[in-house]
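Residue numbering begins at 1 within each chain, and the chains themselves are lettered A, B, C and D in the order written.
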Amino acid sequence: MRLRHVLRTLATVLAVSTYMAIAPAHAATLSLWTFWGDQGAKRDFIEHAVKAFEAAHPGDTVQVSWYDKNSLYAALKTALRAGQGPDVFYAEVDQVEYIDNGLLLDLSNRLNWGDIEPWAKQAWTFGKGTYGLPLEAWTVELYYNTKLLHELGFNPPANHQFDQKTFLALIKAAHAKDITPIALGVGDRPYPGAFLTEEALLKEVGAADYGKLMRGELKWSDPRVVKALTYVKSLIDTGALPKSFSTLKLGESHAYFYSKPGSVMFLMGSFYPSRAFNPPNQGGQPPDFPLGIMQYPALDNAACNECKTMAVGGSYVVNAATKHADLAVAFLNTMATPAMGKLWVETVMGQTGIKTDMAHVSGPHAGYFKELAAVNDDAKYFFGLPSQVMQGKRRDAFTQIINQAFPAGILSVQQVVDRMDAVQ
Amino acid sequence: MGFGRPLGRGLLIVALALYTAFAASPFVWVFVLSLRTTTEIYADPYGLPLPPHFGKFADAWLGSSYDVYFMNSVAVVFSAVAIVTVVGAMAAHCLARYQFRGNRALYFLIFSTLIFPPQVTIIALFQILIEYQLFDTRIGLILVYVSLQLPITVYILESFFRRVPSDLFDAARIDGYSEVVIFWRISLPVAWPAISTTIIVNTILLWNEFLFAIVLISSDSKRTLPIGILKFMGDQSNDVGMVATGLMIAIVPVVAIYVFFSEKLIQGMTAGAVK
Amino acid sequence: MTGGSVASSPAVATSGVAAGPIGLRAWLRLSDQPFGAILGFLLPALLFYLAFTVYPVLLTIYDSIFRVLPNRPATYVGLANYTAVLTTDPTFWQAVRNTIIWASVGPVTEISIALLLALALYAKIPGMRFFRIAWFTPVLMSYVVVGIIWMWIYNYDWGAANTLLRFLGLGQLVRSWLGDPSTALPSLILVTTWMWTGFNMVVLLAAFHSLPAEVLEAAELDHCGWMGKLWFVMIPMVQPTILNLAILSFVGKMKVFDLVWVTTRGGPLWSTETVSTYVYRRAFDWNTFDLGYPSAIACIWFVIVLAGVLVLSRIFRRHQQLEF
Amino acid sequence: MAVVELIGVTKTYPGGTQPAVQGVDLRIEHGEFMVLLGPSGCGKSTTLRMIAGLESITAGTLCIDDLVINRVPARDRDIAMVFQSYALYPHMSVRDNMAFGLRRRGFSRPDIERRVASVADGLGLGPYLDRRPFALSGGQRQRVALGRAIVREPKVFLFDEPLSNLDAALRTSTRGELARLHQNLGATMIYVTHDQVEAMTLGDRICIMSSGKVVQIGRPMDVYSRPADIFVAGFLGSPPMNLLPATIEVDGGSHAIRLGDQRVPIPATMPASDMRPGPVIFGIRPEDMAVVTADSLEAQVATVAPLGAETILSLALPGVPQEALLRAARDVALRPGDHVRVACDLATASFFDPDTGRALSSRLSVGA
């Protein structure tokens, strides 16, 4: 490419003439790019970890840049490609493209794995390498407003799980009273809309076949899949979800549930407290909000009604291009201790991939955490969200169809099956 | 004129008023929202700002690194506009003033870049800036902005320089000045009306630029205002009142420029389209 | 006399005027022109142009026949990216369809409304300056700001659009405007119309005002009524302006990115995906890092836009106009 | 101090087939006021711009004081030029306009001040020194342009139609000022115009150009009375010289001019012996014809155009395809259709070769 070289030379002349080299003079400043800036408890946790790290490594500092999630991903996608980016950053396990392209440091021999739950480690293991500190873990939960539920004349059974007929009746009753049954929105996230469908599919076909379905080894035209979809469709057609579902953002959907206009239930990850337990003037729930937790309804003749999704959420990884690999790993290890795990559970009010004694949680929201534990007492977990298991076009299709279009009521069961099988 | 009849005239005014409401009310609304708290807004989205919370502007400015984004925008936009003005004026002066083979071809080539879809260059620019270690630097963004606004600048200035009588340059040559000094001491001052127009237009367009800013800058500390607003939106999308305040802060400089230079700005933005 | 510059000996005085390589000078027909000055004036712009426009375009074409991933050399794939885009990528065609709809509907609505408004203003409505400023303002805002404002306007629960409909007793029309694939694209087109109509109107108004008064007076003498004057005199005379505006608007819509990215990110169900957002998504927001495939999309799109421009320049030539 | 000499100067524009200026030979003596006169497009402005250094010279030699300056850039030629459009710098005050050229030449600040002030006073521009050009009247702008040239005290002044943007009255008075200026400065001046009145009144010599070539160079009255060809004859004078097709007839020893159906005998006192018989173009200026009472050409009045100071008659001569113009007194009492008799002052008449248009050497004036 002669021309390319000529042009490149010309461009270099121009670029170099204006470029002033800014050498990385500071030898011991770790850069950290992370989400969670607007979630008080998690932010406090990270800042606590930073302080602990800085105390243990005098002279070294951590510079934290707080991003919102989409901006963070956009910034990382370009910065990492450019061979730049922060030393440590927030990632989730669905971002295998980082690993495929060698952008993450293999932590398998570096991190203090003894204090990490094996299933959480497994989530970050790809081939021979393990790449992330699975800090956050969460389950898909069905939160509800106990007061509203009572007013509608329903009470959850002892096992916290309605059967599918009662649940449909509940939806109908709420809808008849012009109360949105389930708050949910997909305005800025590619996964919450899919909760409604994926939990039904998981229960209906069981964890093993569910995994096959996600990996493209089981057809969506399977009768069990169609049966589950048909039930979900009946919920959707009854008006289970907000009219503004398609544009409702994650943060907005929280407020939709507990402040305005209010809904009976809220299908959300167990990271719910990270927003809801913020002070009310920062978008948190009212102090006296009657929060309850129940299980996603049991489907008739389903393979595994105790099955539910557990996912590794926000994790921290190390940039393969970092100049401070050891320091970066040391920072992760600062978080990978049972004490920090306990702090996480107590303050964030959610699960973690760090081994922690969950029985001794205390603090103002201890009651919430006890209820969460009780609901999940005999649960069987499927680890991973569909979007974490799927890749490429199938993931894009899943996001558009199962996360958006189907719950929005745009597609029939048959269309869903056809479209999903088309990309298998 | 045929609109003399009172009825027709009345209808016309009503129609115009309706359109004006359509055009202007979103801004009025956001302005009102920017002075109210989110709690007030949720209670009544269309209420009046009573009492107005002017303190929100300080909160938005200090609480969300808005000052950083704002100063980044100022630095990037002003540098880019300064460079593109000088470089563009030089090229326009040359294309308008000297006859040589390829003059028109070159002009048309630069001019035709106006219609290039940016996606044709964005990916490669990303790679190129990495190659030159200019990715995620304000200098890199400035250089890209200069090349982005070069065609429109050359276009507006060339048509102006073309109307400057060549006798003026000949007189300066006879007065003993070299071509460079003539450009500096005659062309630039004489073309000041057109140059100020391009400065205003380029400032507004770059102030609002989004695509290149989001691709070519990744560090939070180097981002410009449009990206900053978006971050605001992502982090605090519940806090409608605060987002509205953030929007107003972004709008104010543009509105200020508009208020001061409205005629010139309209001239500049409409340059070439009238004929 | 002050001239010390000319020596008294009968020598031939030479300096400056004709430096530069003779062959290039001759080719450029530069006999009278100072070569050095021309080069000096053009060089910075040319360097910018070559480095940040020509080189990127060529590099994009080059990339499009490779698979370009980080941390490894690009692998040559021939035309595979092109065949994939053209044959197995329905999203691309959806994006092309949306973009072309936008680029064809946008100019028509903007300019026809603008034409009506400009005519109204031409009839010397009181408060003209105020109207003009109010109508021009939207175009000054960034798409990010506009996008956020209109997301609120289209908000299902408390947005102005639904509130107005409920107020007017048209509750059955209330919907999630950006959430419904059938209304999302039209809703966004309305936003660009809102933004650009005022601009078009101001330009048209200027064009009307620059019409020679004699022509209108002549039309008056010919007993043309107001409507007659409008159809047979004014609109034909501003036709070049209308054409320029149409092209400007067309090209602007072919580039739309910010508005979509801020509001719908291309959803729901790809109903607002434009070529710009799709290229961006594939290049910078996709779960592969490949830059070859999006480069191929960009190249194909470049050809489509180029074809459109050639068609438009045909129209240009017919109208003896070479300005946009 | 400054002699400007053009030797075979030719200008061909790039891509042009026909030279814009072809082989101009012209020597302008020191202190001379030379007027380049011709219709638009004749190459006179191009010639001037070549002298100024604003256009390159394709072929030939341009000398000032015997130094070849073909390749000396304009800024080093020590020439001042007054443009038709004045070319005042719109962003500078009158003072700065005038001082601009001096600054480049390294004059001291007080020196510049002094020079500008003195020239401005001389031109009556003193009160306007701090104004911008747009705040001046046309005449004032013209003076600024003049002042800008004068203040430089150049070797050579060039004027490119400097008066054509002024109204008639101002033009006349400025013309007078220019003449005085030339007398006072005694500098070499080259003046381009298409206005023959300016050429006649201002020029020491006139150089008439047509189609890129010099047609005639000479003192104004010489050129007027002895045009070198029918172009000059038709260009100079208002109304211009009558150019009528005629035939020289020789009958025995006596010569006569046949004009249509009539003959004009050439008196024996006039030296016509070298005139050969055959077709010629007979040129006679309107003021050299007169309405008489007897014994001359018969004609019919076609139109009567009273101009105030005089009346121009347009006459149809029998058998002559075009009408002849006659400059008569203002009180002439004739109406269209009247038959008159006219006489020609043959001593002032010119004869041209009908094929080449060049003047025939023969003249009828006594003692020629």
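We take it that a contact is a pair of C-beta atoms (placed from the backbone, for glycine too) under 8 Å apart; a residue touches a chain by one contact, two chains touch by 3 or more.
For clarity, every value in this text was computed on a predicted model and none was experimentally measured.
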Reference subunit A; chain at largest CA-centroid distance: D
Between A-C and A-B, the pair joined by more C-beta contacts: A-C
Whole-Å separation of chain centres (CA-atom averages), subunit A against subunit C: 39
Computed distance of Cα centres, subunit D from subunit A, in Å: 93
Distance between chain centroids, defined by C-alpha means - subunit B, subunit D (Å): 56
Where subunit D touches two or more other chains at once, by residue number: 14, 53, 73, 76-77, 105, 152
Multi-chain contact residues (two or more partners), subunit A: 8, 11, 14-15, 74, 78, 81, 83, 260
Sites on subunit B at which at least two other chains make contact: 42, 99, 126, 128, 143, 178, 215, 230, 233
Subunit B residues within the subunit A interface of the complex: 39, 42, 126, 128-137, 139, 143, 214-216, 218-221, 227, 230-231, 233-239
Residues of subunit A that touch subunit B when the two form their complex: 8, 11-12, 14-16, 18-22, 33, 37-38, 65-71, 74-76, 78-79, 81-85, 188, 249, 251-252, 254-255, 259-260, 281-283
Subunit A-facing residues of subunit C, complex: 47-48, 50-52, 54-55, 58-59, 62, 69-72, 91, 151, 154-157, 174-176, 178-181, 264, 267-270, 284-289
List of subunit A residues in touch with subunit C within their complex: 1, 3-4, 7-8, 10-11, 13-15, 73-74, 77-78, 80-81, 83, 94-97, 100-103, 242-248, 260-261, 391-392, 395-396, 400-401, 404-405, 408, 410
Residues of subunit B defined as touching subunit C within the complex: 1-3, 12-13, 15-16, 19-20, 22-27, 29-30, 42, 45-46, 86-88, 90-91, 93-95, 98-102, 106, 109-128, 143-144, 146-148, 150, 154, 159, 178-180, 183, 204, 207-211, 215, 226, 229-230, 233, 240, 243, 247, 250-251, 254-255, 258, 262, 265-266, 269-270, 272-275
